[in-house]
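The structures come next, written out as structure tokens.
One chain, chain A, appears in both complexes that follow, with chain B as partner in the first and chain C in the second.
And then the complex of A and B:
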């Protein structure tokens, strides 16, 4: 017992020493803030977007949504046990996919538009072919030992998943098998995002950490700390050199990958609700963050100021997404509606 | 690819995993934050004029606008 304790103490001491070294290295390069860099930048003023459409059709809380690469179709997932694929230009429902398990937490559209995937408390990521006469289950990816919190397609043959079992996984859709397992978080993984060049991805977890991973090697390259609660939402800045996180600690943060540290924090004393989701405008200037307070607040990413709000939902905003062409923003809520704004 | 069942990891395994990860991360070459923030600002400035959500959009060009309405001739 004493020997084991001594071993653990030695490991802990080593960890503390290494962490202190890393903090010192980060401090050494911290010679200027985002506020300083953006001091000469003109304000965006008040951002007042209009509600253009309310998409009605789900019968229970909406947990997730994802835009198609065509910036026109969008898929939403609700605990009414359905995925709905929408034409956002007309507001029409195109396809309904009935789910085996109603406890869905995540949904994704493949870049090709041929496939969608979803999963949740069933621990399974199910992939559907939506180009068939009626939606057909292509694969059931069953190996996670915890809930599926997030999934994203790389292509029609590969998909990334994040799970409550603390791991992320890259799957081969042709074989249905795991290709790479990403282990390093010590809390449930809640969200993931692919880098624009698809060589890396980032994950946010209940251990309050965000991690950057090499997709092919399986290795964790960098770890970002600072949040004091679960990271529910994560996204790459459009140039791939920074990441934005949203947390239950009511804050969003931007971390720069090359400086390996937080460069700005988006917080407001009047905001006492956790962040559930986030999306960036096409230039990266605006951050749309969904909160538990039923609103989606809009932040100026450079100046760190709140510049607008999307109000209209009658319950928590659970998901937020901006399409690839940047023409609008979609919010989805526990009130069972999706709203399109621009 | 061996399946690592996280539930099977002992506290010692987790501590060893953490030390190994920190040993990797301590070697990272870090850039000056002033340079990084400047680059982010410049990236945004170059694209913000084309950013619909910042600049707005005319009714005719808006793909999400509500269609319909009646015209009495």
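And then the complex of A and C:
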């Protein structure tokens, strides 16, 4: 037993030593702060977005929403056991998909618009064909041993899932089998996002780390630390060179992938509610972050300042999304409403 | 979503930050000078002091915060939903009625934030009291919960019953009015913290994530060995100076500023605001004439050009003129393999070999011999990424050579000149329009515009926003 412990201690020491070296290497290239770099950029002033529509139809908490690639349709999931597909322009509900399990935590729209996927406490990611006469279950992807926290389609044939069993997984929809399992996190994976070039993806987990994975190699390429609590939301900056994370520690952070480190932290002493979700405007300048305090706060991503707030929900903002054409932002809340702002 | 995140820094973060805000309102309402006027309320034969009507609450909120009645009703409703004010008539209906219905302030002892979270033990004592006081007074769901608690905390049940008896005895010593008040307050507290089935639980904070570190992953020596390997690889990675990276973000945001509808608005109008789909129609995948902004984007990066169907088509036309169209066809075929169906990969790889790589192929692509050899070797066992190296080679060839020349070509320049700049939709005077149209196409700009005007009017020394220019 003593020998085992000694070995463990030696390994831990070596690991810590390497981590310290990585930190040193990161410091070495850190020759400028974002606030210094953006000092010359004009301020955006106060951003006041108006509520354009309120989508009513769900009967219980809304846990997730995702825009379709056509920027007009959107799917939302609620714990009343339904997925609703909305035409956001008219405000009409186009399709209702009844779920086998009401404990849904995530929903995704395929880029083609033919499929939607959802999953939650049932540990299963169910993929539905919504172009059929009535929504048909295409596949039930059942291999995770923990809840499904997030899912994203790469195409009609591949889907990525993040789970409470600490792994992310790439599935083949033709066979319904797992193709690659991404293991490295030591806490529940809460969120994932695909890079704009679809070669890599990022995941945030309850171990307070964000990791970048290569889809082809199946390995973790980079790890980002700095948060002190669960990372609930994660997203790429539109040029694919940085990631933004939102955490229960009430902060959002931007990490640069090429410099391999944190470049800016979005925090405010008056904000002491956790971040539940985030989305970026199409130029990347504005970050819309949903918080537990029922509001969605707007940050200037370059200057690190809070520039606005979207208030109107009666309960926690659970999901946020900006469509591909960047027309506005949609917030979904536990008060069962979705609101569109711009 | 954690109830108690004892983070590495070790601070209990308060959930429900809104409670502090609500409590400020409640304290203001009870201010002896500026607060609400109370009256005594008759409930059957007993008089309840310090009560107020729903109508009074709304009037006070409307005056104090200078808000509309609708907003005051909404705010008042939230105060009732979260238990700071409770109704005397119909206690189970937690709604603020804007009429003569009587309401009362909840005592701070029973504020949700004071005793967070509500404890199972206290609930058991409460139910025990109700049970003892009047046999059969418990509702169906309360009976179920009572028996469930009896099973769960059976080891302290003697304590529960003893406490219940003590509290009942103590309350008998009080005046009847006080006793009724206390019972109402306690009932209101439990209606919020243990709502009946079917009622929305406003205090629900979602899934409990009791551990930050999952017990599924054991931190044993294998784990550390893997970590060490990963760290070694990570240490060797190339790191770019942060100043260069940051410049990149600034450039990108600036370049795409005009293309961001939230920042700059969009022409002819934002469909969400004007209810006019003209913008979408003009920017559909294939249109006779594209918009200027769209054609401009093609010059931002090669991927922007390739991701746009029309851009790709234009680029193909250009390449045909240069007799290098096979490159783009090859790239497209490789993309199809990468993102398409697994079952079709073998067949597609065959096709690509026949059309692009085989000696004497119709559309032979010029790849360096090393990459060609590697690809041909890989084709023997085709998989999704077998064409990656070749595709990357051709991609960079096009990017470094053909793409810059395309941007300088007459073909592109003519496209840019021909491209439409839509007119801003005029605000039409349509009598039945219920929604007010934004006069400016760019909502995010309105504030700065207003500030700018103000700054100009005031003269020098205006705030920074006034000086900004989009």
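Following the convention adopted for this analysis, the second predicted complex is superposed on the first by the 342 of 342 C-alpha atoms of A that agree within 3 Å, B and C clash if a C-alpha of one lies under 4 Å from a C-alpha of the other, contacts with A are read in each partner's own complex, and residues count from 1 in each chain.
Just so it is clear, a residue touches a chain if its C-beta (ideal position, glycine included) is under 8 Å from a C-beta of that chain, and two chains touch if they have at least 3 such contacts.
Treat the numbers as computed from the prediction; the structure is a model and nothing was measured.
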(Q) After the overlay on chain A, what do you see for chain B versus chain C, clash or fit? (A) clash
Q.
Is A:56 touching anything from chain B or chain C once the two structures are fitted on A? First, second, both or neither.
A. neither
Q.
Per the contact definition in the header, classify A:229: touching chain B only (first), chain C only (second), both, or neither.
A. second
Q.
Contact-wise, after the overlay, does A:100 reach chain B, chain C, both or neither (first, second, both, neither)?
A. neither
Q: Scan A:72 for contacts with chain B and chain C and give back first, second, both or neither.
A: both
Q: Answer with first, second, both or neither: which of chain B and chain C does A:12 touch in the superposed model?
A: both
Q) Touch check for A:207: first (chain B), second (chain C), both, or neither? A) second
Q: Once the structures are superposed on A, label A:180 by its partner contacts, choosing first (chain B), second (chain C), both or neither.
A: first
Q.
Contacts for A:136 in the overlay, against chain B (first) and chain C (second): which applies, first, second, both or neither?
A. neither
Q) Which partner, once the models are overlaid, touches more of chain A's residues, chain C or chain B? A) C
Q: Examine A:37 and indicate which partner it touches, taking first as chain B and second as chain C; both and neither are also allowed.
A: both
Q | chain C region in steric overlap with chain B, selected from 271-279, 325-333, 397-405 or 451-459 | A | 271-279
Q) In the superposed arrangement, what residues of chain A touch both chain B and chain C? A) 4, 7-8, 11-12, 14-15, 18-19, 21-22, 25-26, 28-34, 37-38, 41, 44, 47, 49, 52-53, 72, 88-89, 145, 165-166, 184, 186, 220-223, 237-239, 241-242, 256, 258-261, 263, 281-286, 301-302, 322, 326-329, 340, 342
Q: Quick one: which bits of chain A touch chain B in the complex? Just the residue numbers, please.
A: 4, 7-8, 11-12, 14-15, 18-19, 21-22, 25-26, 28-34, 36-38, 41, 44, 47, 49, 52-53, 72, 88-90, 143, 145, 165-167, 178-181, 183-184, 186, 219-223, 237-239, 241-242, 254, 256, 258-261, 263, 281-286, 301-302, 322, 326-329, 340, 342
Q) What residues of chain C sit close enough to touch chain A in their complex? A) 1-2, 5, 7-9, 13-18, 78, 202, 204, 206-207, 209, 211-214, 216-217, 219-221, 224-225, 227-228, 230-232, 234-235, 237, 239-250, 252-254, 256-257, 259-263, 266, 270-273, 275, 277, 280, 283, 303, 339-343, 385, 388, 438, 443-444, 446-448, 451, 464-465, 467-470
Q: Can you check the complex and tell me which residues of chain B touch chain A?
A: 1, 3-7, 11-12, 14-19, 21-26, 28, 30-34, 36-41, 43-48, 50-54, 57, 62-67
**Q.** For the chain A and chain C complex, residues of the former touching the latter
**A.** 4, 7-8, 11-12, 14-15, 18-19, 21-22, 25-26, 28-34, 37-38, 41-50, 52-53, 61, 71-72, 88-89, 121, 145-147, 154-155, 157-158, 164-166, 172, 174-175, 184-188, 196-198, 206-208, 216, 220-223, 228-230, 232, 237-239, 241-242, 248-250, 256, 258-261, 263, 272-274, 276, 281-286, 292-294, 301-302, 314-316, 322, 325-329, 334, 340, 342
